Amino acid sequence: MSGGFFYFVFRYFVVRIIIHYSQFITRHMSLIQDFESYRTKMNDRIMETANTNIKRFFALDTTTYADGALDVKTKEMLGLVASMVLRCDDCIKYHLGKCHEAGVNHDEINEVFMIANLVGGSIVIPHYRRAVEYWDELNLAGSGQ
Amino acid sequence: MSGGFFYFVFRYFVVRIIIHYSQFITRHMSLIQDFESYRTKMNDRIMETANTNIKRFFALDTTTYADGALDVKTKEMLGLVASMVLRCDDCIKYHLGKCHEAGVNHDEINEVFMIANLVGGSIVIPHYRRAVEYWDELNLAGSGQ
Amino acid sequence: MSGGFFYFVFRYFVVRIIIHYSQFITRHMSLIQDFESYRTKMNDRIMETANTNIKRFFALDTTTYADGALDVKTKEMLGLVASMVLRCDDCIKYHLGKCHEAGVNHDEINEVFMIANLVGGSIVIPHYRRAVEYWDELNLAGSGQ
Amino acid sequence: MSGGFFYFVFRYFVVRIIIHYSQFITRHMSLIQDFESYRTKMNDRIMETANTNIKRFFALDTTTYADGALDVKTKEMLGLVASMVLRCDDCIKYHLGKCHEAGVNHDEINEVFMIANLVGGSIVIPHYRRAVEYWDELNLAGSGQ
Amino acid sequence: MSGGFFYFVFRYFVVRIIIHYSQFITRHMSLIQDFESYRTKMNDRIMETANTNIKRFFALDTTTYADGALDVKTKEMLGLVASMVLRCDDCIKYHLGKCHEAGVNHDEINEVFMIANLVGGSIVIPHYRRAVEYWDELNLAGSGQ
Amino acid sequence: MSGGFFYFVFRYFVVRIIIHYSQFITRHMSLIQDFESYRTKMNDRIMETANTNIKRFFALDTTTYADGALDVKTKEMLGLVASMVLRCDDCIKYHLGKCHEAGVNHDEINEVFMIANLVGGSIVIPHYRRAVEYWDELNLAGSGQ
């Protein structure tokens, strides 16, 4: 056996370190992808299994945020603050993505975060932490997002 | 005894009917006044009794809704939708008053109501009913509000 | 003036006592009427003022409890327990009325109450108290309810 | 008719003013009485109608706050803060009464209020207002409470 | 060194792919196992560490869902809808398992899901997605579940 | 190639088992570290990105739990029970850590757990399970914590 067991272990960790760093890079963008791929997969499954009322409810969920008397940007901020005070991480991610698309800027998102923290209290803070992490990733993912 | 007992009862009810209608008129504007007078009375009492941290929290509650990256109108709609999904009637009344002052119109407030109902679900409906009643009163109270 | 002031006061209180007892009888059935009349009044107002999405949401609220794979009785108990753990008094009253109509009996409603208390905790108790009062009134209102 | 209609109306309002002021005095102490009498009445009714599990749940609600590793005063403050962040007015009144009995002082209750406001957010404020009113009444009711 | 570093990496990934697919199969059934093994482990630990009141509370949690005026199937649907509107994923998994055991069918579970979505609002949707995934796994685990 | 493919697989699993057990030991203390390192990382990021109001809110979150009319131990138990009934796992972990530091003992923490379960209901149980696991780890981490 060339190298012996210890050499094997050494090689094993070399590979592991390479994988670790490649994962580090992949992971960097993975909050968005993880959220969106699971959401898409399960929404597809729901469309296969749900009854008519559930499908109507989902349709209503889409039309509610469409451009109207209030523009999409305002509505998405409303959706975001509601999701934050109700402490729903997936809802927060979804509306953060939509706010990002709608062009909500750094100062604006911080004022939404503040209203959420104030109204909902310090129990919102852990969700705010995760929201900041997700918002950072959205911004790193860039204008191509 | 002039008129007798039955005449007394008759007069009693005449007066009662007059009072009833005058109360009807008074009551018309009373949701706003009841809410605001109790709120003012107790906020005054809080300023007398509260500790420094509570006073700071109240100060923060004021500065958070001040004009900034987002204008007052948008912030008050954010405060309203957060209050509705958390089902806090007094908070709803407060932000409805501020939305009215900030010029939120009929179609806009309905879109805020819809987002609140959708995100918070049908348990928001009783609060939405009371919100519509209060909003109607705010509009009846007119531009002088 | 026959009787004078003190006689007047005496007559006043006689009338007051009569009114009080008639109110006692009226009040006996008034939780149901108060709830239902306000609900009807505001639902009518909502139908006048709401946008299309809100009307669709209300329509969905109706069709969801219609007879289907689960019968109306089961669905109303589901609506009741959900309303209790979310601590929405008006929703509780509504579903108690529907449960009563659907023939939920004394032992069954108590088991729904227990699940609500257990899952939602002791903060449900004040709502449970009011639910018991309303359920008693529904039963007093009789089979003609 | 002695006095005439206008005299009648005058006398009516004299009596009304007397009643109003006597009500003012009565009302002063009535938050405590209203809460406690309704609570007692409905708890009695619950003991008549509830099933065994509900009765066990109520028994557990009592034993949980008994003196143990933590004293009654600490436990009642825990019950109060939990009730405040969950925004249950009746629960708040109950635990305020118990905190008062257990000798929680002005500065201590304010620190409990602050934690509740901070953790639960500004939606707790309306409940905090009512808590301050109730606490004031408990203190006015004096050491005989 | 036989094969050299690149051959090592190749072998490494062959093994990794095998493991990945075996994990894929394992994972298929793992939501149920992960939930149940953690739940069992911690319930055992709780029985070792908890005080008498907590043990009584857990006992009450069991007896509440026993067959009574309402059958187990109805009670488990009540437990499920309450867990969904309160957005407790572990509680949802537990009651989904019990509903599956009690023979709740596809159309019935969808009607429970709809009531939960309607009453609790769109913030329930992420929990509904995870519920659908778990329900699918319960059905794949078959009648032997 | 020395050892061949099967020998490679054997070696692979030997290493895997070693790693697994070392992970087992590491993991043993990792709930605390995972929570604290993420919390620290994101709090740092928040201090970089947040606006003045958010920073004031965070400052208030710190001063609220400082020694005052109530000592730190009591305040941390208040923070814990509030976090449990609001079902915020990260908040629970934070206050469990602080309670541990403040010297809350086994019987005391169980009485806090009981109040949380009772007030918040059986939906608190999954959070209570995770709290027991975290508390065990805090105690294993020992006096050096």
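We call the chains A, B, C, D, E and F, going by the order they appear; numbering starts again at 1 in every chain.
Quick note on the criterion: contacts are C-beta pairs under 8 Å (C-beta built on N, C-alpha and C of every residue); 3 or more make two chains touch, one makes a residue touch a chain.
These numbers were taken from a predicted model, which means no experiment stands behind them.
Engineer: Among all the other chains, which ones are in touch with both chain D and chain E?
Structural biologist: Output, common partners of chain D and chain E: A, B, C, F.
Engineer: To lay chain E over its twin chain F by CA atoms, how big a turn is needed, in degrees to the nearest 5?
Structural biologist: To bring chain E onto chain F, one rotates by 120 degrees.
Engineer: In terms of residue numbering, is the interface formed by chain C and chain E classified as same (over half shared) or different (under half shared)?
Structural biologist: same
Engineer: Consider the two chain pairs A-C and B-E; indicate the one with the greater count of contacting C-beta pairs.
Structural biologist: Looking at contacts between chains, B-E has the larger number.
Engineer: Please work out the Cα centroid separation of chain A and chain E, and write it as a whole number of Å.
Structural biologist: One centre to the other, that is 23 Å.
Engineer: State, to the nearest whole Å, the distance from the C-alpha centre of chain B to the C-alpha centre of chain F.
Structural biologist: 41
Engineer: So, what's the distance in Å between the C-alpha centres of chain B and chain A?
Structural biologist: About 36 Å, centre to centre.
Engineer: Quick one: which residues in chain E touch 2 or more of the other chains?
Structural biologist: Correct list: 2, 53, 57, 60-61, 64, 82-83, 85-86, 91, 107, 110-111, 114, 117-120, 122-123.
Engineer: Classify the inter-chain contact topology: is it line, ring, star, complete, or other?
Structural biologist: complete
Engineer: Can you list the residues on chain C that touch chain D in the complex?
Structural biologist: 1-2, 5, 8-9, 12, 87, 106-107, 110-111, 113-114, 117-118, 122-123, 125-126, 128-130, 132-133, 136
Engineer: Please name which positions on chain C make contact with chain F in the complex.
Structural biologist: Of all residues in chain C, those touching chain F are 85, 117-124.
Engineer: Quick one: which bits of chain D touch chain C in the complex? Just the residue numbers, please.
Structural biologist: For this pair, the touching residues of chain D are 2-3, 11-12, 15, 38-39, 42-43, 45-46, 49-51, 53-54, 57-58, 61, 82-83, 86, 88-91.
Engineer: Which positions of chain F touch chain D when the two form their complex?
Structural biologist: 60-61, 64-65, 68-70, 74-75, 77-79, 81-83, 85-86, 91, 105, 107-108, 110-112, 114-116, 118-120
Engineer: Any idea which chain A residues touch chain C in the complex?
Structural biologist: 53, 56-57, 60, 63-64
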